[in-house]
Each structure stands twice: as structure tokens, then as C-alpha cells.
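Next up, some structures in C-alpha cells.
After this come two complexes, each holding chain A, first together with chain B and then together with chain C.
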Partner chain A sequence: MSRFVSPASLDEALEAQSQAGAQALAGGTDLMVTLRKARLSGGQMPKLLVDLSRLLELQRLNLEGGAPYLGAGLTFRFLESNPLVTERLPLLARAAASVGSVQVRSTATLGGNVANASPAADGLTALVCLDAVAEIASPRGARHCPLAELITAPYQTTLDLDEIILGFALSPPPDPAGQAFLKVGRRGEVAVARLNLAVALDRDMADPRVVLGSCFPTPRRLADVEGLLKGAAPEPALWQKAGELAASHFTDVCGWRSSADYKVPAITRCTAQALSRAWSGLEAAS
Partner chain B sequence: MSVGHSMPHSGVYARVRGETRFGWDQQGYGDLHLACVRAELAPAHIKSIDPAPALALPGVVRVFTAADVPGEHNLGIIAVSRDQEFLARDTVRQRGQAVALVAAETRAQALAGARAVRVELDKLPGVFTPAEALASGAPLVHPDHADGNLLRENKIKRGEVDAALAASAVTVEAVYSTSPLEHAALEPEGGRAWWQGGKLVVQACTQNPHYDQADLARFLNVPQEKIRVIQAETGGGFGGKLDLSVQPFLALAAWHLVRSVCMRFTREESFLATAKRHPLRMHYISGADEQGRLTALKARILGDTGAFASYGLAVCMRAAVHATGPYHVPNLDVACRMAYTNNGFYGAMRGFGCPQVALAHEGQMDALAAKLGLDPLEMRKINALQAGMRTCTGQKLTAGVGLMQCLERIEPIYRAWREEAPAQDGLSGVGLGAMFYGIGNTGVSNPSTAQMEWGPDNTVTLFTGAADIGQGSDTVLKQIAAGRLGIEAEQIKLCRGDTARTTNAGATSASRQTYISGNAALAAADNLVMNLVEGAREMLGERHLEIELREGMLRASDGRAVEPGEVARHMADQGGAARGEGAFDPNFSPLDPETGQGRPYAAYAYAAQCAKVAVDPASGMTRVKEVAAAHDVGRAINPRAVLGQICGGVVMGVGMALMEEHRPGREGNLQQYHIPTAADAPAITPLIVEDPEPTGPFGAKGVGEPALIPTAPAVAAAVSQAVGKPLRHLPLSLERVMEALSSRGESHED
Partner chain C sequence: MPLKFTVNGSPVSLEDVPGEATLLEVLRERLDLLGVKEGCGVGECGACTVLLDGQAVNSCLIAAWQAQDREVTTVEGLAHGRELHPMQQAFAETGAVQCGFCTPGMILSSLDLVSQEPDPGESEIRRALSGNLCRCTGYHDIVRAVRRGAQRLRGEGSES
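The block that comes next holds the complex of A and B.
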């Protein structure tokens, strides 16, 4: 049987989290599924569940002036509906709206999505596109860690047992930017992404970003594709070529598995579609 | 009047408030908890079962194995094919089959005990596809079964197929297939057993309490009277709660330990241990003349029944007799075979094989129409069964054939959707599905019985064995009885699904309760009226007085009127009671074993549906946007319940069409196995068609299964139109749709 604490301050939370067998509990929408499996199979249960939902430090939001920042405790329901987020970070708002169901989104958090480190995490794909750097607290102080370094493999992070993610400092592409997020799932809601895709284009094509999720061990920016797009003339043929390059990067990394029969055409077409949408969004805005 | 008026389902408010006590909610203070030890590989020989490590754990009371079964080991819902061992004796035939049962003081202790039991298995060679199973020299799933791994072959033969196909203007040959499906009822299986009044009482979720009683008596080797089964409120069944689930385990443990016990399956266990929908492979050759009239059908259907027969015989026969769909086909050669394999067993699921064959018969109609340059709706109208025609079993239909009306009802919607401008950023399509469905069991007697009582205090009670599993038979049966008695349905109390207080109504399956148990309730009401009239005559002292029950009073032709309650008091004083007995068995004749000719059902339901889909050409993601569904139900006793059944069936059909696929041998849970969410539900236009069935109660037939059957074929046709290529294998997964998108324009012939 696990004990449950719900600390009201970060210090208390960090202290609780430093105890042996402690497990941070954010929204719990992934954790509860894992714990149920462990319980039914006689596996190990955490001694202590540390609820993070009362920590104001995890609820920060700054998208107006200064360095953009999102607290780890913000729920997807908040992110999909907050006007600042939908206006400034539409790709994140779309990613948030594509997670689970309303019930799941009302409790699931951005920080929990990152810490769980599923290769298919929708929030993670969006954050990678926004060049997020995680701010992490522990009794030893704070550290900052880019997501690519934080997440090393499926469900594997460099988080220490006593660390808590506070939030994410973002570096979105320069304004105005066209953004798009696409998710392919097996049904309309409550579906794990078969693939997801976040794209951001600025007017000068100076800092194009293409992130593909649910295709690699961790969501990743496609450097080859971004290189192709950088400074290039935006046009449908370019989107198509970018899609083909994205797909060949996928087979280079993952080999031709059985899933490639689906994924290669899907990556090709969805990448082209997302780029086209991002660019038309940019044109419509100007 | 009660019949034809929408009433809320009996018990619905309690359900919404969370007060309903389902199977698992029956657990009581001090109950022992049970958990199964399940085999992780199959087929396998059981080398040893060592309960010692479990018995050493705190709280574990006892570990049962097959050696503890006092009676018959082989149980099963169809008497001629009982072959399921609820605790495997020597051989494990499917993965997940129980080999031992642990009883402990708490559920956690029972689960820990089940994990601790040491089971040694020797893997045996097995068969995992029907083709493998029927190959010569294949390992036998049931070595003592007479026909090797072939459970059954059903044939339908009429006319001269080869000659008719040769003379046809067009023919189409194609192969269709469907996947194993899980019912995924909201309530996983659960229940409780205890001793009361010298009887072992088992209260669990079920679709068939009287069958449960009979098989449990066989299992424990006791007279049926020793076992009382009470249907717990049941949170959905869809055929998945027709087979026994927790009941034998509950009964066995309570029998030996003489203590109350409770048990539930986890969702994973429900996936692992209960029936799935039979996957069928359907090879069809169909012909039509230049006018589009069907000339012949040659069909070879092969299904997997898994490790046990369950309802395999019924699905095999039903798939064969519905292979043509709701059309007149003069020449037929249909053979449907069902094979044993070592996959998890397949059983009843909403439609018994008809949703599977509907994919094939509707796909053939579209393919023939395309070859002939005919509109798909016209093609169906040209061939639709009508009164006076014969079905594929040679049964002459006389009345209540509402298919043409169903087609006419959806026609304007179909035409409007077809003419809509295509979506700008995607592909769209519109497709049709039609069906007929025989009400009740196929070519066998399947009676129902009911009783009614008018109490001295004017309470009116209907006694029925019919299990309401959420579909609404409680309400409909009350409405039918009330309709005959001329009282309000709310006035009737129901005593339902308790083998000690009600008599056998047969299974809640085959869309049969409204029609068959409805007729039994009607007969019971008639009989009650007759007895009340008799009682009133006696009370009034006039043997030959004309008396009728009208507006709640027994009114005599001489102007006198008495309350039925008063008559009931009088009858009680005489040592009797104001009761009525009713029974009904549909008129049928068995099918000829060689030709499949006969009269398998007394009544058929008909339906036509039309689906509109959108397909994203980039990802293959498909959404069903709208469905129009016209169903001939004879007479809608409770119209809102009919609409509910139609909408539920359509959504389930969307699941079958687009996403549902259980993979035998793999872990099943609701994370892996996708069923539709509210976001996947299309906008549905349910349309009730009422072509009265002369033998139905107030003209009614069933709708439970028909609601589902046409949806998947309609969706498949719509997606086929959107991608420009016929799709013949379900589900229409992302992969299958993408494959079709990538190979568009290639030859359509397969």
C-alpha cells in the first residue's frame, strides 16, 4: 500500500520526494495505469506518492514579454483553451487538445507528459518544436536541461529520483510564425498517436522547425528536413520534398519494419500537409 | 395506452445515480474472494499443479482444481456441443483457460494466491488458423470430436448454381474477411454465491439465468432445484454474457466451502477468458442478369470457433442462412464451415455471424451494381425480399417484410448525400448496407414462458425469466402486458430473472425477447383476464355473464362492475389466486441437413442504412460523419428504446468497421483494443419503419442485433467510394486505408 502526501509548498514536496520509494504524482493519467498493472501483477508499488497539484510554483505561465515560460503543472485542458496559448503557441494548443479525452486533459499535465517520456507524447512533440528547456528542482538546487538531453529513450529520463520538473522555458521561432500540429490516431479521441508532427515556419524561412513523434525512441527535430527548408522558397513542391526527406530519415533511423508500410507514406504526406498548413496560416495572418 | 409510447427504461434513474447493483456489487460482508489461475500457454499438457506456495500465504483458504469438480466437466450453452472445461483437467486448449481457483479472505490475497500457485505445463503442438486446423494431420483440439477439427458445416442448396452463373450477364468473385471482436460491455463479469434455505444461490450478471442453473447443476452433479440463479443487474452483454463466466467458479467454491463467495474478472481477464466474435473468411461468387436481378450465389465461408464450441454451431448456421442478405437469389450453393483452433474461444456476439456475412453480401451488391452501371440503391430495390417471395431456405414470406420501406425511407438522404459537393481538403464517400435477420434461434424450438398475477391489493405482477441486460426488455414486457390488460405499464411490478420465482424465458439473445417473451407475456395477460373473468362470474354468481376488463374494471354486460382486486380477494378467499400463465414458441421447421431448406424463423427484421464518411488522404484517418438507419421493427413498443438500440448499434458498427480488432494470444485491454468514443459517434438519423408482423405482440419484432448489422458494410462501401477501391477486410484500419490510397487506380479485380 502506498502512502499519499499532498504538499502545499515546493520545499515540502522536495523533502517528500527525497524519501526512499517516493514517486511524484502529477495528473496521474499515465502513472495510475502503470500502478494498477503493478498491483495486479504483484509488482513493486511506490512507498509514497507525492501529489504535485497544489504547488503554485508549477502553475506559472508567461507568454507576454520576457522569456516565454510554461509551468509543468498546467493541464492540457488549460493549455488548449487559454487564449494566450491558443494565440501565441497554436501548435501547443492543438497538441494539448489532441491528448486523451476531456476527462484526461482536465487532470493530465505538461510536466507529467514529459516525465513519462512516452515516444508518442503529444505535449512532448510540441515542446521539442518550441525548443523547450526544462527547469528542474531538487534539494541540491535548480538545473536547466534541454528536452533532448532530459529524455534519453522511451520512458527513460535523466531525472533523478528526488527531482521535480518546475516548468519549461521556451524559444519559439521569431514572430510571426506559422505553426501546425498533426496527430494520427486510431480513433477520434483517447488514442495514442500513431504519429504526431509539430511544425513552425517563420516568414523568412530562417528558423524552420519540423518535429516528428511516435516514430523514433523520442520525438526529434528533423535536422535534414529543416536544412532543406531553411532559406528555401516556400511552395508545394518544397513541402512534398520535405515530406519525402522526413520519411527517408525515418527509415534510415528505424530500418524498414512492418510499420513502415504505413508510416512511410503517412510521414511523407502528413509532413507536406503540416508544412502547407503552417505556411498558409502564416500567409493568412499577414 | 402503454404500447407505442416512449417510456424510460425501468431502473434507468438508479443507473444514472450509480445505485444499481451489478454483478460485483452483490458482494457481502465476510465473503471469500476468488481468483483464477490461468494457463499462460496453450495448447499444453498439465504436468502438475502445486497449490502449496499459495496455501502458505496469509488469507488463502483453499485452492481448487478440476479434481474438485463433483459433476460434469464439460459445459456449454448448446447441448450437443458441450466441450468447455472451466477448470482444465489434463489439457489446456486455449491461453487463459483456468487451471485452478484460489479462495482467500480478501481480493488481494486471492490474487496473490493465484500468482503463487505453481503450474507446470508441457507445450503441445497447436493450430491457430482454421486453414491450419483443417489441414490433414493437424493436431486435434478435441481428439474425441467426431469430425476432427471441423465443428460443423452448414449447406444451403437451391437450383443450379454453376449453370446460373454461366448464364449471368455479370459475375463478381471476391473474398471478404472480418476480425475477432470483443464485446467490451461496460460491466466486466462478476457475481456472488451463498447458501440460503438449503439452496446454493448464484447471483451474477448473465443473459440467461435458467441455462446457468441447468449447467451449474450438471457441474455440481445436483438436481436443478438445489441451485437458484438470480440475474444481477447486468451492465451490457452483447452476447458476451451468454456463456458462463464467473458462475461455475462461484458455485464450486461456495459448494465446497459452504461460505459466501464473490468474484469478478478484471478487464484483462474478461478479454482473455470470455468469448469473442467469430472471424469469418467469406469467398463469394455472385451473378446478376442485365436488369440487375441476382441469379446465383456460390459462397464458401470459413470461421474460427477457437478452443471451444460455445455458440459456434449457431453462428455457423446463421451465417449460412443469411449469406444472401435480404435478397431473392434463385440459385444457391453456400457452405459455411467452422473449425476448432487453439485460439481463445469465439461465441455469441450481437448478430451471430450476420454482421460478418453482411460485409460480403453488401460488397457483392455494390460490385455487381458497378459492373452493370446501376445505382447501388436501385440494385437493392430490384432484389429486395418482399411478401410472397422465398428466402434462401425456401421459406415463403407472407407479411411483415419492410425492407422496401426501409430503402425508401433512406433514399432521399442517400440521394442528398451523394449530391453534396466533395469536401475540399479530404475524400468523402457514401455507402449503403441492408440486412434481414431471423428473430430467435435458428431452426429449433426456443420457447419462452411468463406468468401474471393480479393481487388483492390491485398490484399487478409480471413474472419473467427474461434477462434485461440494459436493452430494455423489462419495460417492453410490462408495456405489452399492460397493453393487453388496458392499464398503465407503471402499474405493473416485475419479477425477473430468478430461477426460484420465474420460469424459463430462454436467452436474451437473437433479438428474441420482445417477440418471443413479449408473446409469452401477452399470453399470460390473456390468461389472467380469462381467470379474472371466471372469478368475477363466480363472485357475481352468474355463470354466463359477459364480462370484460376495461379501464381497470371488470365490467359485466348487466351494468355491474367490480375491481379486479376485489375479485382477486374473492379468489384468494377460495384458496386460489388471480393468475395467468403464458407461453410462446415460434413456428419453425428444422433445416434439411443437406440442402439447408426449411423454415428457420417465424419472423424476420429488415433494415437499410446509409453512411457518409470522410477520409484524410494524408494519414488514412477515417471518420464516419453521418448515418441514416431505417429499421423495420414491426411495431415499436417503446419507440425511444428502439431509437436507442439503433443509435447504439450504429456506434458499435462504426467500431467494427474502423477500429476493433482483437489479436488472439496478445494481451487485451481497453488501451490496446479500441472501441468508439463519443468523438467517433456519427450524427445518426434513426428511422422507425413499422410493417406489422402478424405473429408479433402488437405486431412487434426485434431490433437489438439488426441495429448493428448494416453499419459496417455501409461504412466499408462509403470508404471504398472515397478511396476509389473496394475495401473488403475489416477493420478499415489506418494501414488498410493507406494501402488502398496508395494503390488507387490499380485493377479492382481480385
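The block that comes next holds the complex of A and C.
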């Protein structure tokens, strides 16, 4: 049987989280499923559940200044509908809207999505495209860690047991109109991503970003695809070529596993489509 | 420390609630609110949907303690005596209820939707209810029910 605490301040939360057997609970939508499985199989329960959902320190939102920041405790429901997020970070708003159901999005948080580190996490793919750096607190002080370093493997992070993610500092691409997020699942809604894709283009093709998720152990920016796009003339043939390169990167990393028959054409077409959509967004906005 | 929250307008106080207990378990097993159904238990089917401070959540994915000092609404809290809530009435009238297992969750998700969008179109309704599975109706009559319920809640007569 677990005890449950709802700390009212970050200091209280850090103290609770540093007790042996403590487990942080953000929204709980992944954790409660894990606990249910553990209970049914006679597995071990955490000694202490530390509810992070009431911490104001995790609810910060700053998209108007020069240092955009999103608190780890913001829910996907908030992120999909907040006007600032939809205007400035449309790819994140789209990713948030594609997570689970309304019920899940009402409680699931961005920080929980990262800490759980599912290879299919939609929020994660979006955050990697926004070059997010996690701000992490512990009794030893704060540290800052790019997501690519924080998440090491499926469901594995470098988070210590006594650490809490406070939020994410973002370096979004210059023009929101050039962002796109695309997801393929078994159905249109309430689907786990078979692949998800976040892309961002700018008018000069100076800082193209292409992130593919649910295909690798962790979401990754496709450096070779970005290299192809950088400074190139934006046109349909380029999107197609980028798609083919993305797919060949996938098979290089993962080999020709059983899902490749499906994933290779899907990655090719989705990448081309997302890039085309991002560029059309820029053209429409100009 | 007791777990305290409000259910359907009434305050409750419960002793000895384990940290890992779900809101679903507490509502059903401690408070006898059997309108809250357990379908899948992992947040896929929506049969356990309740409103937490007005927002639809899966009570199977919420620790009961997350409801501390908050307001929970279950389907039992909708009717006034023998008078059904307009959304319940609309479900009954349109044949949107067959076996009935998904109905409480469907109705509560619908109420969350209409609190945000009083006049939802078909695609908005389908999207809002995508976390509520029904194995009987084929959804068509449920969509009609939500439109009719929304219309009544807006104070208009029903068109279909």
C-alpha cells in the first residue's frame, strides 16, 4: 500500500521525492496503468506517491518573451487549446491534440510524457523539434538537460529518483507558419503513434528541422535529411527526396524489421507530406 | 488524514484510502456509485468517465487522492429526483442506449463538450466522444442524442 502526498510547494515536493521508495505522479495516466498491472501481478508498490499536479512551479507558461518556456505540469488539454500555444507553437498544439482521448488529455502532462519516455510519445517528438532543454530540480540544485540527452532508450531517462522536471526551455524555429505535426496510428483518434513526425521550415531554408518519432528507440532529429533541406530550393521533388532519405535512415538504424514493409513507404510519404504542408503554411502566411 | 472531496454536490470524507486506489474504485466500492463502470481499466474505453471539476477524466487513471478538495460528478448526480437531466432525456429518446454500459461515460463526456461548445457539430461530437467506446449502437444515435441534448440545454426545442 502506498502513501500519497500532495506537496504545496516545490521544496516540499523535493523533500518527499528524496524519500526511499518515492514515485512522482504527474497526471498519472501512464503511472496508474503501471500500478494496476503491478497490483494484479502481486508486484511491488511505491512506498510514497508524490503528486506534482498542484505545484504552481510546474505551471509556468511564457511564450511572449525572448525565452519561451513551458511548465512540465501543463496538461495536453491546456496545450491543445491555449491561444498562445496554438499561435506560437502550432506543432506542439497539434501533437497535444493527438494524445489519447479528451479524458486522458485532461490530466496527462507534458512533463509526465517526457519522464515516461515512451518511444511513441507525441509530446516528445514535438519538444525535440522545438529544441527543448529540460529544467530539472533536485535537492542538489537545478540542472538543464537537452531532451536528446535526457531520454536514453525506451522508457529510460537520466532522471535521478529524487529529481523533478520543472519545465522546458524552447528554441522554436523562427516562423510558426512553417510548422507541421503528423501522426499515423491504427485509427484517427485515441491512437498510439505508429509513427509521428514534427517538422519546421523557415523561408530561407536556413534551419530546417525534421524529427521522426515512434520509429527509433527515442525520437530523433534526422540530421542527414536536415542537411539535404538546408539552403535547398523548396519544391515537391525536394520533399520527396527528403522522405526517401528519412526512410533509408530508418532502415539504416533499425534494420529491415517486420514493420519496415509498412513503415518505409509510410515514412517516405509522411515526411514529404509534412514538409509540403509546412512550406505551404509559410507561403500562405506571406 | 481522511480523503475529502465533493461528489455530486455532497461532501464526502473517507478514511484509509490507499495511495494507489483509483477514483473509480473509491466511487464504486466505497461510495456505491455504480453508474461509474469499469470497462478496460486502462483508459481506453471511457466507461469510467466522470467529471473532475467539470472536465471529463477516466476515473480508472486517476488516483482517488488526486480528487482531494475537488468536485466529482458522476451520472448519479445529473437527474433531479425523477426528472432526468436534458442530456439523459435526449439519450433515452433517441435510442442512444442499448446495453447501457457505456452510457454514463458517454453522457458525462457529452456534458464536458457542451460546456465548452454549446452547439457542437457532428465531427466535434465524434471527436469529443472518441474516448468512449460503444459496442452496440454504431454511434449514430448517440451523436443525435448529443445534438438533441445540447439543443435542450441551449433552451431550444429539438429538431429531430
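In this section, the second predicted complex is superposed on the first by the 284 of 286 C-alpha atoms of A that agree within 3 Å, B and C clash if a C-alpha of one lies under 4 Å from a C-alpha of the other, contacts with A are read in each partner's own complex, and residues count from 1 in each chain.
In this section, a contact is a pair of C-beta atoms (placed from the backbone, for glycine too) under 8 Å apart; a residue touches a chain by one contact, two chains touch by 3 or more.
Small disclaimer: the values here were computed from a predicted structure and weren't measured.
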Chain B versus chain C as contact partner of A:77, first or second or both or neither: second
Contacts of A:272 with chain B and chain C, given as first, second, both or neither: first
Chain B versus chain C as contact partner of A:161, first or second or both or neither: neither
Touching partner for A:8 - first (chain B), second (chain C), both, neither: neither
First (chain B), second (chain C), both or neither touched by A:189: both
Chain B versus chain C as contact partner of A:49, first or second or both or neither: second
Which superposed partner A:33 touches (first chain B, second chain C, both, neither): both
First, second, both or neither for A:262, with chain B first and chain C second: first
Chain B and chain C footprints on chain A, overlapping residues: 33, 101, 188-190
Residue ranges of chain A in contact with chain B within the complex: 33, 40-42, 101, 182, 184-192, 194-195, 261-262, 265-266, 269-270, 272-273
Touch list for chain A against partner chain C, complex: 1-4, 6, 25, 28-29, 32-33, 35-36, 39, 45-46, 48-49, 51, 53, 77, 100-104, 106-107, 188-190
Residue ranges of chain B in contact with chain A within the complex: 111-112, 115, 266, 268, 617-621, 623, 658-659, 671, 674, 676-680, 733-735, 738-739, 741-742
Contact set on chain C toward chain A in their complex: 18-20, 22, 41-44, 46, 49, 52, 55-58, 60-63, 65-66, 68, 109, 112-113, 127-128, 130-132
